[in-house]
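Labels for the chains are A, B, C and D, by order of writing; each one numbers its residues from 1.
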Amino acid sequence: MSQSAILLIHCPDQPGLVALVTEFVHKNRGNILDLDQHVDQDLNHFFMRIEWDLTNFVIPREKINDYFETLIGAAYDMKWSLKFTDRKPRIALFVSKASHCLYDILQRHGTGEFDCEIPAIISNHEQLRYIAERFEIPFYHIPITKETKAAQEAKTKELLEDFDVDFIVLARYMQILSDDFCTHFSHRIINIHHSFLPAFKGARPYHSAFTRGVKLIGATSHYVTADLDEGPIIAQDVARVSHRDGINDLKRIGKDVEKRVLSRAIYLQLKHRVLPFGNRTVIFN
Amino acid sequence: MSQSAILLIHCPDQPGLVALVTEFVHKNRGNILDLDQHVDQDLNHFFMRIEWDLTNFVIPREKINDYFETLIGAAYDMKWSLKFTDRKPRIALFVSKASHCLYDILQRHGTGEFDCEIPAIISNHEQLRYIAERFEIPFYHIPITKETKAAQEAKTKELLEDFDVDFIVLARYMQILSDDFCTHFSHRIINIHHSFLPAFKGARPYHSAFTRGVKLIGATSHYVTADLDEGPIIAQDVARVSHRDGINDLKRIGKDVEKRVLSRAIYLQLKHRVLPFGNRTVIFN
Amino acid sequence: MSQSAILLIHCPDQPGLVALVTEFVHKNRGNILDLDQHVDQDLNHFFMRIEWDLTNFVIPREKINDYFETLIGAAYDMKWSLKFTDRKPRIALFVSKASHCLYDILQRHGTGEFDCEIPAIISNHEQLRYIAERFEIPFYHIPITKETKAAQEAKTKELLEDFDVDFIVLARYMQILSDDFCTHFSHRIINIHHSFLPAFKGARPYHSAFTRGVKLIGATSHYVTADLDEGPIIAQDVARVSHRDGINDLKRIGKDVEKRVLSRAIYLQLKHRVLPFGNRTVIFN
Amino acid sequence: MSQSAILLIHCPDQPGLVALVTEFVHKNRGNILDLDQHVDQDLNHFFMRIEWDLTNFVIPREKINDYFETLIGAAYDMKWSLKFTDRKPRIALFVSKASHCLYDILQRHGTGEFDCEIPAIISNHEQLRYIAERFEIPFYHIPITKETKAAQEAKTKELLEDFDVDFIVLARYMQILSDDFCTHFSHRIINIHHSFLPAFKGARPYHSAFTRGVKLIGATSHYVTADLDEGPIIAQDVARVSHRDGINDLKRIGKDVEKRVLSRAIYLQLKHRVLPFGNRTVIFN
């Protein structure tokens, strides 16, 4: 099977950008498989995702970045990232006690729907170790107290670097990460929050939803930033509830939404279809 | 066609309430057409909607309230309201400049889907008068400034009393009602707010939704209380949006959700299926 | 924690049925926890679900059926079933090669969301044995060919009787059951079909959906009858697709809908909220 | 405000197509505003929508088609259509007796959401004339019987040509058009069918949905072809129903879905975002 390259690009808008990039690919004998572009009219900013077949591409992989920078990128003040479809992303899963998102991810990983490596499951609790063992994935118990937080995060960071992790998924991980940690892994941590953000930020969103008497509950997957529950949103969905649903029903119904939304965000990330910009995301799909 | 009566009841829960009420109806030769009950376990509170055919009912209509109070209601600390299906509710529509909800309501009224009287359309602007005229419904232009607000609300209240209005629908009425007015018409004013409450309360919710980069936008229909956008929610729905949608797209897509959600709330109200309790609603459907 | 009883009743409609049943419960000192009833106006047929606390109920459990029959059921031509909430339903899972529904069910079972026993997983293939082993549930490989079908179904039936199974879940089981088997377990087999029935009955529904160019795909959970994909529907849902989605995308997106819809149907069945009648179902929720 | 041109293109896929078309636009000083392309891998077919600002474009409008054909189109076996955003599409509405879709369309037209001309409303009944009059749009009553059908269709065709109509919207028009008429206006007639096609084709879909006991009902907007309800689908949506909903409820709930789906299809058509191919559509949005 042939391999392909993906460029995710953004820059200030101006005429001719699409033609420039497509010409770069085409002239060097890359066959464009997929192209999607978007201009934010309010911000006058340009976004593009282009994927091409590398079979006959004349620029060697390791030089594509250089050539692109020299020929186009620098002159147009572009920011970009280059991905190759034959490089499996490596993700670390952070969990606490709830198993629904973890099983959902591991089942998708096991059947190949999630085309990635999962070198580690990390948890502040022991409860889900048995699941990691069932799926034969190394499990690391890194308990955290107020006193040990800094040291444990340092240890975690080391582990993630050892494992050459591309991004982190917080699959109902019930610990707030330090600002440093968030900044270090900027746009590389995906969280699932159990509410329809920006409604019900912070702790116990289902209790708040119940008290407010909403008729829909939701879940939101977003990149983690130092501002709690304020990072760029990747995916959201909702489910219908009624007065018949007590708090435990909201939790039960919400779990379905959580796992669906988180897995959707992971899928988009694995396919290199998410481009964060400021506090928003462009989703190419 | 036979007529029926509806009781909407709530009270502290205790054993035997359902049996008591059904016996009251049955012993007096009312045929129960529909019964729905709910117990809020957290609050230990009982809710019930019962509808019965009046054809052979031995208690005269005008005495049902008295008998119910004497035989059951008072002893069990019940609150209830009694409705008759042959009494068409009378509603007043408040509008400003946007026509989408107004047309949606008038079309449903015209085809009989909304089985009600609409004696008046009231507006702080002249723009939608032509629609009222097209549908041959009296239109009252009651402009409001900071200085005239109290006087104009007094005038409005008088008008509503003259028309014997049961409830008021704010069909994108862009004025904040005074606390007095809200309290006077408690649980009798239905508003549509153009966001998924409690997210994006107050002004310009589509702008806020755009800035936050949400992937779904919503609308909420609720009873109006003195606390802006905080009243009991009757209906909510959402629509999917993407980074491609600018603020004007959000407004356009949102209109569809607004009119659908508001009309849903009106329908439920007209069928006597909404029971507000505290800051929540029980929807019998 | 106190135990409760549930009656699912249906019969030709006539005045007084609700009062009769609630009186039966109340007079015998049962406290009604939940009551829902429905009259199908076209068929003039009555449906009811009533749940009551058994703590002070004066009729012993094992005599409730007799008493109910004698006092009410026989006289009103009722059909009913009586359930007790402290009796965990016993379900058998039938699978073939796809793991997504199986994991979803086992995860819910493991966390107590599905309050039931799963004494056996039965399959015509070996592929999913490892999942059964991970969850420590006995796995039975019962391969089926045209020639062995009758014998293998007989063996299966025996197994199910040994395990005292209440109902069977076909979690993407890719074998057509014989008419005899379907009839023997009437209203006791729940299937998930990977289309929005009645569209795309039979084999390869995602291929058909792709060819027809639909913009939504769906899944349907239903009781199995001798007529393939024609049994009473319990739950349905859909997901949005576009021209960008090839057949493999439809399959991937569809899996999410399938597992959600099947688990919804199982949950309703476990809570005794499904009453099949003719080719339809009444869902009390 | 500047004007733009839109090309909707499809052809057998081969390397370099995107680069070719973008170069054509760019070299002639057109600024690309929006580009979306899709390759159907199964059919090896290429689809593209490109929109560019005409302000500095050096090819005169009336010659764009020629130049495009000579320089690219012919050599690559392309089919394309060229649109200009300053040319308002002209649509004719066909109705019978139901008003909900008609009002929805006219309200959107009136507020500018539908940027088009509506030179005529045509009906086989007189019932909705008053709505046309309210909106001051010419209404043509063209009654149809088996005997008069051919003559009346000829008269209709003439009318449509006089009005220079771009496409026709069947807004719950309850007449089957002749094969000739369908062929003559190929891909220019948009219908709304009141079911989730391909389920419940033909007459009385809500009755069939009720009988089958489905838990969701739907509506489908599609191009009309000689095969009834078999044309390429543009938009679909569904709404949740339950056993409580009789046939009249399905009709009521369905109307909401019908008008939403039809208006969605019209909007896409007006924005030149629909490309029919075989029996499917590519929707660029």
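Going forward, a contact is a pair of C-beta atoms (placed from the backbone, for glycine too) under 8 Å apart; a residue touches a chain by one contact, two chains touch by 3 or more.
These figures come from a predicted structure and were not determined experimentally.
Steps from chain B to chain D, taking the shortest chain of touch contacts, total 1.
The interface with the greater count of contacting C-beta pairs, when C-D is set against B-C, is C-D.
Among the remaining chains, the Cα-based centre furthest from that of chain B is the centre of A.
Between chain C and chain D, the centres computed from C-alpha atoms are 41 Å apart. Between chain B and chain C the centroid-to-centroid distance comes to 37 Å (mean Cα coordinates, whole Å). Multi-chain contact residues of chain B (touching two or more other chains): 244. Touching chain C in their complex are the following residues of chain A: 99-100, 103-104, 107, 110-111, 113, 134-135, 244, 252, 255-256, 260, 263, 285.
For chain A in complex with chain D, the touching residues are 15-19, 22-23, 25-27, 31-37, 39, 240. Those residues of chain B lying in contact with chain A across their complex are 38, 40-42, 47, 196-200, 211-216, 218, 232-238, 242-244, 246-247, 279-283.
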